[in-house]
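Next, two complexes with chain A in common: one pairs it with chain B, the other with chain C.
And now, the complex of A and B:
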């Protein structure tokens, strides 16, 4: 990719014996929104801190705008960082916070110009009229905006956001998600957004980078990740697949549901059969079907507005989820504690196995 | 509505009961004695006797005598100097203990080390400075052995300097503690954020760290001020009676049963302390910060 603004080359970071980042290689284009998804401890925050320059990697290089910045201190990189807990200066007002970098850094701007830019940024994040407030006098969502404005005021080419929505309540999180994207589109800078929430990662990223135990395990558009998870772990993090253990041999997978034909499989270090929640079908317990079948007890359902989630117990605490999109018609209702037969079209399953080519 | 009133009534009753022990204690041992001192300062003092006939004689004597006004100014001068030296020595120490040391355990250990001298009695801590600072004391011996000086430095002991050295050492920890506490509460991320925004160490210190530690400085300054203004032991033991603080005057006056004069000095000292503390509390709103 020639348009890459930012490139990681085999970056490794250790804390003692713990490998926080293992040989991470990544290219990021200009004007892109990239989200990093991974469970806690997967190295996503470490990756962000290495890019920001708060941590030095043991091996590998970091390139930014055609320059090797591996040994360049954080503040000379021109990369902005938005902290998870916002890290606002508690004794300063909103405008003093936003203008801090311009006032006390090496911007060399006049105080009138600094104020103009700070006001412009406060306006951009929708906080006009709050310039003189103390940061302890505003709400969590407003603090988030101040933190963003403070970073954007420095006009960085790349903005790193460390779980920026983690400290907000669910309602606010949804609104800030749109807001963040809108602000980014207006400024045309690249955002790298770290999150532990698969919904957030898929919703916000132009591309999603999935990390596990310090290793980048998949990079792709949300659609690619969703339709073709590269490994059982990715499928697991996405939280949209029912996963079955079993064994793959000679084109068929044997698991709790019997044996199903496998037209194609992805190579992985263990045998896992994955079916998307919305590909599951529910039949009466007495029905007969040719496809894979699994007896399960209906537990409960959850109404989500655009769809209904149904939960089944397949025995031994194995929870199976089935999603019914309401656009496809009114949902069937099931009786709690009654047995049903779950099935699906085996061609829509995603199969991982050691045997796959 | 009726029930709300009942709950409020019950709560205010409980509040009153909880307040009683404190009010009784403070009245008996603070308000009444202070009122008594003010009252006694207007009594008539003769060489061997004191009577409760009201007079301004002791007050006039205090403000017209060079000895007494001189000791007021000495007290204020020593207080300001010790306040400055404890701050100069204490702030960097607190900065190290509270901010630069990353491990909480290590910073607690370091604070405990600061407090270790307090395991010995106050008088021993003061008197221990004599063999250190004396003409044939440790410092002079070492400096002469090293050939840095030929003659022992005599100003080290039984001067104002020795009082300042002694007080700085004794009261420094009261400055270190509160400042280190405030510094340790600063979120490390905001320092990182300031650095990321391009601020150098100087700017980060003066614009972020120092303002956020100011409540600690004020609390430390109040501790040091209250203790130094009422001091008499350090000046008595290390100045060879050359430095007379208001505290020393009270001790001598009480010793010679001059209760009226002792009371005047006591009232003056209390007023000075009140002004100093009120002044410090104006700098920061401690209720908001702590």
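And now, the complex of A and C:
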């Protein structure tokens, strides 16, 4: 990408013996929305903190707008940061919070100009009329918007969002997502969005970066990540796949479900067989099939609105999930504690193995 | 069952505690209204009067009881306490701020600071006076040597108060300010300081009151001009009149006034702190 606004070159950050970030390299284009997905402790927040300048990396360089900013202090970087806990200034009103950077930084604007811009930002996030409120007199969702307006008022080219929606309830989260998209359309800002939610990462990002134990393990569009997870770990974080251990040998995989043909496999450091939740099929226990067969006991189902999740126990506590999209017809009902036969089309499975080419 | 015994027992304990705490002051107050100038510092009260209060302010005709020689000592003590308060609080805030990040030798520095409140005061005073007289060769004064001992003594209190406050401080608000292009010094003035202000007030109160009635260190380190506690002690060795009690009542009232100001300022900033706590709750 030659229009990269932002670049990380082999950034490494350690806390004592713990490697929080291991040789992270990344390029981000102008006006791109990047989501960072990973379990807690995967280094995604550390990554943002290094970019913002709150932490200094032990190795590697950070470039922003064609400048090496690795040793530039946070307040001279011009990179916005939205905190998970919002970190509003509790002793100031909404408008003072939003105008804080313009007032006390090097904006050089007159106070009338600052007020005009703060009001404009408050309007942008839909909080008009709340300018004079204390930040303790507004709701959680409104605080979130103040935090966003406060950052956007500085007109940064790059905004880092550290699980900004984590503290909100599901309803608000959905609305804030839409607002983030709308703001991005209007202002042309590059967003780096850290989240622990795979749904959020896939929904928001132009590209998704998957992190595990301080290492970037896959970067791609949401479609690529979803359809072709690069490793068993990515498949695991996406929370959309049933994973089976076993062994891959000469074009077939042997696991708890018997042996299945493997048309193609992805190289990995261990042998794992992954089947998407919505590719699973349920047959009566007595049925016979040519495909993979897995005996499992039905536990319970969950109604999710557009689909139904069915949970099965394949023995030894191995939980198997099967998703039925309601657009495909009414769901079958299963008897709790009854055995069923689970199967799938082997062509749709994603297989990882040491033997793969 | 338990509370039927423990609660009344605790009640009695607290009552006794309050009695011992305020008993002397009540007696002192009563005797300060003794008749003057002939009434002595003992019961019974011959006749209620405000003679000794008037005497302090020089409103009585001269008598055989000399007015208390406290005027200058009082001013010295107040100035010294103010100086100590400012310096100790500034040092306390700065050093506690430094302790937010782990640095090499932080444990040693910590104990060095706290040592100032641990070392017996008489030794500090004596040591300072010997150091000034024999080694450095400077004159002792309340505003030099004594001031130094006061700072060494009160700084640890201010430091510990600020350490406790900053320990609970959520530094993400500071990072937020930096990310908005505000430099660290302005961030400290506009964000950190307003939020830690209740702690700063407490540190100031500690430093001021500890310095105001400091005795053992000042005894040796203050040189010729006495501070108030020394001057009061000096009058004991001559003869005690109720005017000293009247003076005690007045200084106590002054302390209460100071505490009230502190309480009001505190209540104002605690309201702010509550806002902050609420913000953290939802996070």
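Rule of thumb we're sticking to: the second predicted complex is superposed on the first by the 357 of 357 C-alpha atoms of A that agree within 3 Å, B and C clash if a C-alpha of one lies under 4 Å from a C-alpha of the other, contacts with A are read in each partner's own complex, and residues count from 1 in each chain.
In this section, a residue touches a chain if its C-beta (ideal position, glycine included) is under 8 Å from a C-beta of that chain, and two chains touch if they have at least 3 such contacts.
Everything numeric here is computed off the predicted structure, so don't read it as measured data.
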Joint occupancy of chain A by chain B and chain C, clash or fit: clash
Chain B versus chain C as contact partner of A:316, first or second or both or neither: neither
Chain B or chain C, by number of chain A residues touched: C
Touched partner set for A:134, first chain B, second chain C, both or neither: second
Contacts of A:143 with chain B and chain C, given as first, second, both or neither: second
Which superposed partner A:104 touches (first chain B, second chain C, both, neither): both
Contacts of A:75 with chain B and chain C, given as first, second, both or neither: both
First (chain B), second (chain C), both or neither touched by A:91: both
Shared contact residues on chain A - chain B and chain C: 52, 54, 74-75, 80-81, 83, 85, 87-91, 100-101, 104-107, 150-151, 154
Chain A - residues contacting chain B, complex: 52, 54, 74-75, 80-81, 83, 85, 87-91, 100-101, 104-107, 150-151, 154
In the complex with chain A, residue positions of chain C that touch it: 170, 172-173, 175-184, 186-187, 190-191, 194-195, 272-276, 278-280, 282-283
Complex contacts: residues of chain A adjacent to chain C: 52-54, 73-81, 83-91, 100-101, 104-107, 134-136, 140, 143, 147, 150-151, 154, 167
Chain B residues touching chain A - in the complex, by the definition given at the top: 187, 189-190, 192-200, 203-204, 207-208, 211-212
